[in-house]
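Just so it is clear, A, B, C and D label the chains in written order, and each chain counts residues from 1 on its own.
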Amino acid sequence: MSAAGLDGHGPEVLAEIAEVRETVARLHAELPRWELVVWTAGNVSQRLRTADLFVIKPSGVTYDELTPESMVVCDLDGNLVDGTRSPSSDTAAHAYVYRHMAHVGGVVHTHSTYATAWAARAEPVPCVLTMMADEFGGDIPVGPFALIGDDSIGQGIVETLSTSRSPAVLMRNHGPFTIGKDAKAAVKAAVMVEEVARTVHISRQLGEPTRISQEHVDSLYDRYQNVYGR
Amino acid sequence: MSAAGLDGHGPEVLAEIAEVRETVARLHAELPRWELVVWTAGNVSQRLRTADLFVIKPSGVTYDELTPESMVVCDLDGNLVDGTRSPSSDTAAHAYVYRHMAHVGGVVHTHSTYATAWAARAEPVPCVLTMMADEFGGDIPVGPFALIGDDSIGQGIVETLSTSRSPAVLMRNHGPFTIGKDAKAAVKAAVMVEEVARTVHISRQLGEPTRISQEHVDSLYDRYQNVYGR
Amino acid sequence: MSAAGLDGHGPEVLAEIAEVRETVARLHAELPRWELVVWTAGNVSQRLRTADLFVIKPSGVTYDELTPESMVVCDLDGNLVDGTRSPSSDTAAHAYVYRHMAHVGGVVHTHSTYATAWAARAEPVPCVLTMMADEFGGDIPVGPFALIGDDSIGQGIVETLSTSRSPAVLMRNHGPFTIGKDAKAAVKAAVMVEEVARTVHISRQLGEPTRISQEHVDSLYDRYQNVYGR
Amino acid sequence: MSAAGLDGHGPEVLAEIAEVRETVARLHAELPRWELVVWTAGNVSQRLRTADLFVIKPSGVTYDELTPESMVVCDLDGNLVDGTRSPSSDTAAHAYVYRHMAHVGGVVHTHSTYATAWAARAEPVPCVLTMMADEFGGDIPVGPFALIGDDSIGQGIVETLSTSRSPAVLMRNHGPFTIGKDAKAAVKAAVMVEEVARTVHISRQLGEPTRISQEHVDSLYDRYQNVYGR
């Protein structure tokens, strides 16, 4: 794979790339820290503010080897622009999200255990916790089954998230994708989707947890996003 | 938010604030250590002996960034008195507890997984372990559903704990709050409530655990609080 | 509590005490490492070869503070002989085991989650794993409900283990006690009892695991204890 | 046990032995890192390219003590050739696999919890996750019950894996064995078999996960092995 290179870009773009390589490399360490991934699974990306490019993890590199230099830069069609390694095999899905959701600046994908367990049953996580109302504004939705290799996964993510307040979607038989205004927000959503998937799973093991009324969900979500979230 | 400041307080109070900032910052590290929190969730506070003030975690700060200096000081109405950041969004609940329970010197709130799972079903944890009899003196009670934003959460905590020997309450659809004579005791209760919630949950997955008779619970609780606890 | 002191003992005993304090302090670190304990729960002891004494953890000390010097020395009635702190509140049970089981050189007590979950249902762990046959020689038995404060717990341990090949007993509503030729062997049994309690629990959640025939259990146990174990 | 020694081997073999001792020692650290083993359980081996020998963990050594020097070298009948300790008690099974599967360069054995839980029920893990299709090409199969001491375990592994695309077999009442082109690939399979055994277990606790159609499994497996895997 030969990269197009960054020759056409000015110093502002090059400076942002250096900064975002650092950010994305550092945020990958949050995935094993919160036990969202094993081995080399999972990937984080962030879109640039200054150009139609994003920075993502290379393919098949272990978490011990991740450095700012090893991160790769792609255009919004998912083509490699800068970097010495192949981009993550999930790059097409990240790129599709950036092309179709203008407000999204960060995307994360994991196979975190409890979120993936709900995804394998194609069952949304019901909103029974105040922290779910705060962060997700309701149930966590399930996206379609989609094969890797074309835009199917990206389409499934965008279609599902476009009709939900949730920044997380559980792709069927696959695992969660999360979005945010930047990579840090998407990583936070990846941590929180696993936490609530786990807590609600455990609660349901011994009976039916009580739903929070829609009115209370709306009130909690509004306060968290507008007051607490600043 | 502009803080009232500490100008009216003498050297004894200022010395205690410095000491309690240190204590509260250090005790926050116990929350991720025992896997009671993810991301920035969870908060610890301690009341001063020398003034009607308490020290609590600021809002939205990660566990890696917590230092004595970043802790904030509030009065018993929950107003910021000293500190450069906003107090935790749970400050009103901590303040309410301090105003209404004179013997309480420390408060902890988490969303620890198993305790929160019982809370989502509004089900008390039955006393089936000697260590529960020791530490909690019986079942761990459930408090009402309450929205953040006024004194509802604080009232629910105080009403529930006033009629129980337990230093922990499971607030419905929300998570545990614990109290103690100081922050360390409240942190210990937060660790223990998750541990017993987890153990009893697992025990009940494959059948019904045997309750300990009230007489034995009383005997264990009395010994632990009065003999062992000194 | 005033200690009798070590004045009557010769240099050989004093040298062994120094060595065993080191061993017992170091082995306590295995309990949080393998997630068998939270906070200050759990205790390890080892009997001396050179005198009727044993070394055990002091009461209420956190795992970060455990040093060889903080360990305490007791006689076989559980009286403090040397040390500046009170012995563990479980000392009477350890002492009873040493008085009644001459071949036992080490005792460990924890409230490890899965073992305690079986204990709360008073249900033995069935022998469905080759590693259980190897290490425990069959099912892991349940001991009686017993209150702390006299010899009841010690008696329950000794009566149960005297009629079993297992080095571990699950005391009802309480947790596991394990024995070994020294403290290291008892710690290994404490690690293994939690591991098999957890694995068999998980296996039974989705159906009934297959028992290993008594003939095969005997064959595995014999080989492991006599060939592998040297 | 007296070792035959390496006298008949040239510098190329001796150099590869030094390199593989290092690799195998380092890879053992992945087993506790991903929580696949407790205490001294679990073993990794790698076959040499330059001679009919393999390097494996010695028996009963803790993970803290594992060094390149402590690893042992065996011939393909499992006899010790070089090393100061006894080879792992599972060496005969590793040797049998190398004798009968020419393409296998690495073998790993653990008692990882969730994989062993499926093995205790003699139940294959159904292919309900895209990452299972990628890595295992279908269900993870169960091998026969076999006693240690002769070639029964090795035969069970080879017979089961010869009729499956899976690099992992769950030996009944025992635990998983995994294979790969080298030890690193076999360790990756050991990490992944536990991860998918755990995720599918959790998914099935609250209902039936949806199978992926054979056509999609084949398509995912083909892409992962031939495109992604290079």
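Operating definition for what follows: a residue touches a chain if its C-beta (ideal position, glycine included) is under 8 Å from a C-beta of that chain, and two chains touch if they have at least 3 such contacts.
Chain labels with UniProt names: A, B, C, D = L-ribulose-5-phosphate 4-epimerase.
Predicted model, so just to flag it, every value in this text is computed and none were measured.
Q: Return the chains shared as contacts by subunit C and subunit D, ordered by label.
A: In this structure, no chain contacts subunit D and also subunit C.
Q: Compute the centre of every chain as the mean of its C-alpha atoms, then state which one is farthest from the centre of subunit B.
A: D
Q: As a quick test, compute the distance in whole Å between the mean CA positions of subunit A and subunit C.
A: The answer is 46 Å.
Q: Could you tell me the distance, in whole angstrom, between the mean C-alpha positions of subunit B and subunit C?
A: Computed value for the inter-centroid distance: 32 Å.
Q: Residues of subunit A touching 2+ other chains?
A: 205
Q: Following the definition at the start, I'd like every touching pair of chains, please.
A: In this structure, the chains touch in these pairs: A-B, A-D, B-C, C-D.
Q: Flag every residue of subunit B that touches subunit C in the complex, lowest number first.
A: Per the stated touch rule, the residues are 34, 128-131, 188, 191-192, 195, 198-200, 202-203, 205-210, 212, 216, 219-220, 223, 228.
Q: Using the touch definition up top, name the residues of subunit A that touch subunit D in the complex.
A: 38-39, 41, 59-60, 89, 111, 113-114, 116-118, 120-123, 145, 147-149, 172-175, 201, 204-205
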